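The structure appears below as structure tokens.
So that you can tell them apart, the chains are marked A, B and C in the order they are listed, and the count of residues begins at 1 in each.
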Amino acid sequence: MHEFIAELYPICRSITGDGLRETLKRIGKRIPLEINEVPSGTQVFDWTVPREWNIRDAYIKDQHGRRVVDFMRSNLHVVNYSVPMKATMALAELMPHLHSLPEHPDWIPYRTSYYTENWGFCLTQRQLEQMRDGIYEVCIDSTLKDGSMSYGECCLKGREDSEILLSCHVCHPSLCNDNLSGIALMTFIAEYLSRLELRYSHRFLFLPGTIGSIAWLSRNEENIDRIKHGLVVACVGDSGEFNYKKSRRSNAEIDRAVPHVLSHSSPSFKVMEFSPYGYDERQYCSPGFNLAVGSLTRSPNHCFPQYHTSADDLSFVRAEYLAESMTIFLKVINVLENNRTYVNLNPKCEPQLGKRGLYRSEGGKIDGQLHELAALWVLNLSDGSASLLDIAERSGIEFNAISNAAAALAAHDLLREVPDSSKNQNSPSRACGAPGDA
Amino acid sequence: MHEFIAELYPICRSITGDGLRETLKRIGKRIPLEINEVPSGTQVFDWTVPREWNIRDAYIKDQHGRRVVDFMRSNLHVVNYSVPMKATMALAELMPHLHSLPEHPDWIPYRTSYYTENWGFCLTQRQLEQMRDGIYEVCIDSTLKDGSMSYGECCLKGREDSEILLSCHVCHPSLCNDNLSGIALMTFIAEYLSRLELRYSHRFLFLPGTIGSIAWLSRNEENIDRIKHGLVVACVGDSGEFNYKKSRRSNAEIDRAVPHVLSHSSPSFKVMEFSPYGYDERQYCSPGFNLAVGSLTRSPNHCFPQYHTSADDLSFVRAEYLAESMTIFLKVINVLENNRTYVNLNPKCEPQLGKRGLYRSEGGKIDGQLHELAALWVLNLSDGSASLLDIAERSGIEFNAISNAAAALAAHDLLREVPDSSKNQNSPSRACGAPGDA
Amino acid sequence: MHEFIAELYPICRSITGDGLRETLKRIGKRIPLEINEVPSGTQVFDWTVPREWNIRDAYIKDQHGRRVVDFMRSNLHVVNYSVPMKATMALAELMPHLHSLPEHPDWIPYRTSYYTENWGFCLTQRQLEQMRDGIYEVCIDSTLKDGSMSYGECCLKGREDSEILLSCHVCHPSLCNDNLSGIALMTFIAEYLSRLELRYSHRFLFLPGTIGSIAWLSRNEENIDRIKHGLVVACVGDSGEFNYKKSRRSNAEIDRAVPHVLSHSSPSFKVMEFSPYGYDERQYCSPGFNLAVGSLTRSPNHCFPQYHTSADDLSFVRAEYLAESMTIFLKVINVLENNRTYVNLNPKCEPQLGKRGLYRSEGGKIDGQLHELAALWVLNLSDGSASLLDIAERSGIEFNAISNAAAALAAHDLLREVPDSSKNQNSPSRACGAPGDA
């Protein structure tokens, strides 16, 4: 994953444009990705898809013709979506367009101005301090004109039409944790799952932030109720502990699956209630959709000093943290895939597990005992209303042990699976395409 | 307020009589007050209005004719409602009728005997210790005969017939925190609100404790369901932290509004569940009425040593604490007046606040950000079921910021007010009179 | 109780056999006990009643003919339910059949093999270490053949057919806390209650563990819904603090009565949620029955080192702890017997308690005040839905004070008892026999 991040790092992405397209193309080399284009000016709910922005070069030259700020050295140097500019001006005139971080004098900040026409440069505090009074040549060789907004979509077909949604934003330029880590993780999860037989259909969305998810929701409104569970993926490559922000529903299955997995995998983690601030969960959890979509990050946005600065670079994300994040996400998907509801077919008193070989006869290994305890919990609580995740939560036993016990009991005809009455019926609408469709 | 307390302090009040009448008359000079008289012997639910008690003088004279206990020096010296008495007796005979506080030797206790005919004197422990054996002349120049019980009522008409009730007891003689502070605070709140345009009608009851609220409830039973929220007001002038005792309903709007205001105004405060012990909330919250009436005090009754003693005097209550209490009560009333429920008219994804000037374009001031966050919370949770107070509680943002954000959003047609389905319909019965009616 | 434990201690009990029968016979000398026999081979739900096991003697003799392990010295020396055995063998061959506790070298462990045919000896680690290589004579003079499984049942008839169930296991040989303490306690409770007039019928079950409760449930299925409350009784004689394990329902009346009593009786105790591991609550709380049966112990099973070893002997249980346990159980039964629901006949405002002599007139003793407070709580909350236990919980006042206040108020026609709508109707089925029936 770290190598893929390094491959994508130099590309100058934005919410539209060729850098975004190039990024999606490279993801598409690894997984079956459908790349969609939404024309500028398209109305998507209350928003309008903006004109397409592209940039070739940008700089500030001093009186000696030296580039004192140079887009070629870092695409963060230009305020993202800056309108074309070519002028000479005195430092005093230029100053309102310069952004730096006095508290981190060696870092370049990341700034955008998508919906207000503007231009500017971001530079380190040290660069700013070295700029003397005088006349500067300012050039932003960008274009902002009608075109389209791109986004990528990968759907892995499962046995059911019901879907698990994973969504990340792909609009940030050279920033690694936010969100090349999320892009890489989702790509690798999709690649991994594409080799498995799945219960749920899994949909992976690679979207420009905000406008991308709004456009996608606007274009897929009729099938939205297929989404049973979802996660917004971002900031998964740093060393921070995991932070799960619940969906607006607060007690959806995803809101319980993630904390369950974390409680059995991480010594320390945080679970926060939903708030309408953050990434694209803001749109998925808007009251008109209210999807069961949470957000799982390591250090959350705004909560690490490198956030939205040049210090969120290739050294800030590490292969080991990416791998640990992948493990957690796969465990969560495993819980969702295998969470079922059973009814005990021998509900009056315990069945005699011993005569079925499901009970240690004498003494016994710890593993054996745990399995037996898991079996007793499954039998006791399986009255057709409690799911395996409910049982795992109440017993304090990890989901996999509960799930394995249930499988063994079902194989001995002691359990029968029942439909989970708490879940919505699948909509009758068209299912997502098979991987080959993309 | 402190001056008004000082004006009322010398008057000898009781649950009936001229001192009570005089007190109501002085309140009536400041706010439109209807003074009601309930004849002695009137049955009010399980109780009977007692005979009217008045007192001119009382003393204990020693053998030298010196008044060793003198009603003229403090009206606390006589057990309130003492029957007339004129006798000479030995100290031993007198002793069972003398009450003092050994643990506070300079304080006079406050005692009453409303419903059992009795007489007695209260005196300091030092006075008691100086009384030598011998013959004393005892005189209580009181009358206890048919008359009436007085109470005062002020109603400020609002746009709605639904009412907010404020109630205090007015029966205590020279005691300041309990409850001249409550009388003064309610008078000043009524005076202040009378100059505003109000949503709710506001009813202020100045009642003799227990029998007064029982009589009022008995005489106003048919209109009782107009009362949507209420507070019993007492002990609001001392330096203690605020104590809110919830209504019997425990989760009424008032039970959430008061803690919300306190949590944003006071560094420390207490919220207690309802208990059937205290002031007139006992009657408002009896199971046959079960009104949403809580009790907001600073130091609660029984919880400060000066309670029901002569030490609850003019120095015990301070102008600054009275002013702070007034601020809290007005903030609570503000929450109730402005708590509304909206439905988001753009529920699918966020509306674009920027194009409406509701979003900082770049960077931005803290205030701007807070307002924006308040707007996002209001939009996200306004699905027709959550009130602004619900949103303030869940977001942790102060009610006023939420309310202002909602007003701005409603002005841009992003919200529509809906009736709060959780509230009772107003009763069709006659509304309270306009202020001029009183 | 300790004497009764000492009387039963030497008997070699098991889940069937003459030791069990003898134990029941001795219980039957103290209380009216019906002794039932279930033939071997009887199908009880998923289980089959096993063949009957009896044992006369067992030993391991060394080459000198000395009994190095001797059943006559402790019945724990033989694995319970060992099949008959007579052989000579080398130590190496014998070893897999020997069980000891290295961490407690002077204690004999307690082992069973009910449902797998096997044999073995339990001995102290010191005994084991003294056994030298060589040939040993091994004898287990037991029989395992068709017969029956015995259990005892005592029913004290109350005014109602609804029942309180107390159940203990009677299958352990010379072990005192687990569960001669439970046997003795239940016997003494039954003896005590048999002299009282009861509201509920009280059923006492003395059962072989697991198979006994399964057999009883299987044979009494049609009357099972008469059981309104129940406790499994075990480990009630040691010095540990009380541990209450809730029923599977988690909020049944018994699940609130026990913590209420403990909170007013014990400085420290634990309440645990139900888990499907432990004693016969596993069967009573299987999903097909889901009875309101909890488990009240002092140190719970597995939680004291002496558990299932010879150190659980006559010195481990003490008369004072047994007496304290009895007090707690009787208090719990008292709560259940007297828990009622009333409706306040004077619901509008408080009734005047003073004129009925229910109110201290002046000052007053602490007891008087507490009673008065209890009366106010009962009046305030008795709206036909809150039971006296609800009121005791919410007020923090001990059940008896609440119950006494309710009785006084009812005597003054201020309360009327109403049926508790939350309780199931009694089943129309045959009531349990009167004591004389047994």
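Please note the rule applied: a contact is a pair of C-beta atoms (placed from the backbone, for glycine too) under 8 Å apart; a residue touches a chain by one contact, two chains touch by 3 or more.
Being a predicted model, the structure only gives us computed values, none of them experimental.
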Interface residue identity across copies chain B, chain C - same or different by half: different
Rotational angle, Cα trace of chain A fitted to chain B, multiple of 5°: 120
Separation of chain B from chain C, taking each centre as the mean of its C-alpha atoms, in whole Å: 54
Residues of chain C whose C-beta touches two or more other chains: none
Chain C-touching residues of chain A, taken from the complex the two chains share: 344, 346-352, 354-355, 361-362, 373, 376-377, 379-383, 394-395
Footprint of chain C on chain B - complex, ascending: 44-47, 111, 113, 115-116, 118, 210, 213-214, 217-218, 221, 248, 273, 275-277, 282-283, 285-290
